[in-house]
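In what comes next, chain A is part of two complexes: it sits with chain B in the first one and with chain C in the second one.
Take a look at the complex of A and B:
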């Protein structure tokens, strides 16, 4: 493999990571925006998305492409239930909502551990073979992961910007009081925002399941990376999150290839710390109002 | 001059009396509960009971630190990292420099304190969410730095063979000896926390968590008090970490992960975050469980999660909230 091809391969891996982090960060931001809860269970929903994909493709034998909407659906429904059972009483109560989400993370992770065991499960790739662009060769499965993530984000964007539901959720995120005077029912919109947010995490889990492995412990790293992307890009800023997650993915991929994964993680954490000092609201975030 | 004297009518001797708030039904209830319990391990004299009792005290000390931080409405997810900083500082001082145990605890407190002031200045101006994210990231950063510096930290292998604690030439590696030491350390911690919280500083904490704009308008600088709370709480965690290193004899970066902080949070919430004794109750209720029920680890974690959510929802004062209410009923107040 030529050095150029090697660099491009590393870049593709970086894009995949970037797509994963973006899916996680957008969902995380949506949950925070609608419920005002820092959702520590977000990584567990990613993990459950991976398991849902595993069981639909490997156990039930459905095509890989069907596993993604099914994972979304399964986790979104679970999200509706969790919102009702766990988060609704803590709406607007950041501290207690956050602690409750830690409790939920404990329940989900150890529940998965009891049901599925600690052994990582391997999943077949979306597609076999390689795709050639001139002299550059990329595994088709990796290319598909990027394409699917981009497609899901595009669908999400259209839903949020151009449908009644999306507009209602956005209005609620911007100003819950004003939105409810316009007849938007918080009791309907909050669960929707939460379900959509954790659904995106599940999509990330399902897309990444064939590339990484599926185990009850896979949620922690994507959660950490979503946090860092949010710190870097600014909470509530989708363009900021997009730039930050691609940057984090690419930096991680190149640094990890040349200097090892520990150095990559350290560098990104360092960047996040610098950002917190220089621009506490992130790359493109607006100053948040108190209260 | 005379004006000044008039504003302070309490005679100087009154300062040395036991403060009134110590002699309440509440404190009587806690004394009736805890003094016999504290003596119990000495009576049973079994090495397993000593072990559990030592762990309870250790967790109670570390959780007390978090209790101070939560007083200003901040939740630190870096509590594990600060315990880790203290543990490494004290273990390295003992191993590499041959520093006596008690002095190594002072160094642990210093190291954790300096780190907390630096981190606090950096992130305490941030709004609640960013603060939590920043402390979460700091906990990861600590673990990573420790893994990146194997010459100092021992890397993934950690530091083993940490010498047993020794005070004034007296080795307290025996379980009863260590239990008496750590019980006294816990009592000292609780006393310090109590003194902080009943002082004007503690009242400023309450004002900040009660109504931030009002506190600001009354001339309380919130940032300074938040850094103070964060630092004192983290120093307590550092001392706890130092004691832990000496007792367990082995530390590694994996001893102080996110889940360390989470366990501390659970103990605090279950025990009760509004009371000084809450951390002790939380440690007392939750520490023995994993030691006794080793086989059902996952189920136990699920139960913890359910308890955490249920207590937040239905009993925000935790177990100590119940005891306070009982004490109030006993003393005939509503």
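Take a look at the complex of A and C:
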């Protein structure tokens, strides 16, 4: 492999990580915006998305492409249930809502451990073979991961920006009281925001399942990275999250390749600390209201 | 009080508030007030800061639950209405401080206003843009970047998108230059004339509101202290008393 091809391959890996972090961060931000809950269980929904993908493709034998919408659907429905059972009693109570989410994370992770065991499961890739762009060769499965993530984010963007439901959710996030006087029900928007948010985490889990592995413990890293992306990009800012995700993914990929993954994680944490000192609201974030 | 039509039918009063009491914990903000709005009328609720005007509006919208009293809209009780039912019932609210959805464009704000009545949106938009051509120019702009006056136009336009029969306005001229405030008042009169929408306007700017309204109620410390037509109240010293105290 030439050095150039090696650099490009590293860049592709960076983009894949960026897409993963973006899917996580966007869902995380949506949940925070609609419920005002810092969802520590977000990574567990990623993990469950991975298991959903595994069971639909490996156990049930469905085509890999079908696993993504099914993972989304399964986790979104589970999200509806969790919102109702876990978060509704803490509505308007940010601190206890957050603590409840930590409890939910423990339940989901240990539940997965009981049901599926601790052994990582391997999933076959979306596609075999390589895709060539001139002299550049990229594994088709990796290319597909990027394309699918981009497509899901595009669909999400269109739904949020250009549909009546998306507008209602955004209005509720921006001013719940005024939105309610125009007939928008918080009772509908909260579960919807949560289900959509964790559904995106499930899509991330399903897309990444063939590239990494599926186990009850895979949720930690994506959650941590979603936090960092949100710190870097600014909570509530989707463009900020997009820039930060790609930056974190690429920095991580190149640094890990040349200096090891320890250096990569250290560098990204350092960036987050610098950002918190220099620009506490993140790259494109707005000032946060506390309390 | 109801207007008897030639046919002998009675037209129901648009809004009837009886013995309304509202408290925030131990603090009594509104202590038993009663007033009415006739169909197609503009009624002003005046008084100094803290007199209970905004609280009265919040009770009508369902944002604040009254301790006691009866609120009727077109003959039906809305004392226990939730804010979510407000728009469908036919009441729209322009809140104090205008409160646009700051990260949405002007057009998107207006579309949220039409959430419960999404039909004929284009026609409704055209009509609102006729009243407020400025909103049309800025339709793609993020609403937080608008001036105070433009945000007020947006708040009124957003409320009109809900096709209300009653429009509740909380301090629509607060912080606006006098010229702009008068312009807003003129357009409110036009909206009232052309569409027959009843308007309940809460104002600290008494003189301007009295010139606009058909009838006004003056509040002080949560009680009604005077009422009358705009012209009558402009002549008397009720207003001064309400604002400065006896």
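Criterion: the second predicted complex is superposed on the first by the 289 of 291 C-alpha atoms of A that agree within 3 Å, B and C clash if a C-alpha of one lies under 4 Å from a C-alpha of the other, contacts with A are read in each partner's own complex, and residues count from 1 in each chain.
Criterion: contacts are C-beta pairs under 8 Å (C-beta built on N, C-alpha and C of every residue); 3 or more make two chains touch, one makes a residue touch a chain.
Please read these numbers as outputs of a predicted model, since none were measured by experiment.
Check the residue A:179 against both partner chains and state whether it touches chain B (first), chain C (second), both, or neither.
Second partner only.
Name the contact category of A:64: first (chain B only), second (chain C only), both, or neither.
So A:64 meets neither chain B nor chain C here.
Could you say whether A:114 touches chain B, chain C, both of them, or neither, answering first, second, both or neither?
Touch status of A:114: first partner only.
Return first, second, both or neither, reflecting whether A:227 touches chain B, chain C, both chains, or no partner chain.
The answer is first: A:227 touches chain B but not chain C.
If you count the residues of chain A that each partner touches, which comes out higher, chain B or chain C?
B
Report for A:170: first if it touches chain B alone, second if chain C alone, otherwise both or neither.
second
According to the stated criteria, A:48 is in contact with first (chain B), second (chain C), both, or neither; which is it?
A:48 contacts neither chain B nor chain C.
Same chain A residues contacting chain B and chain C, which ones?
none
Which of the residues in chain B come into contact with chain A in the complex?
Checking each residue of chain B against chain A gives 73, 75, 122-123, 125-130, 132-134, 136-137, 140-141, 144-145, 147-148, 212, 258, 262, 265-266, 269, 297-299, 301-302, 304-309, 312-313, 316.
Show me the residue ranges of chain A that touch chain B in the complex, using the header's touch definition.
32, 38, 86, 89-90, 94-96, 98-100, 102-107, 109-111, 113-114, 220, 224, 227-228, 230-231, 235, 262-263, 265-266, 269-270, 272-273, 276-277, 280, 288, 290
Going by the contact rule set out above, which residues of chain C touch chain A in the complex?
Touch residues, chain C against chain A: 61, 63, 82-88, 92-93, 95, 99, 101-104, 108, 111-113, 115-116, 118, 158, 162.
Taking the complex as given, what residues does chain A use to touch chain C?
Touch list, chain A to chain C: 164, 167-168, 170-171, 174-175, 177-186.
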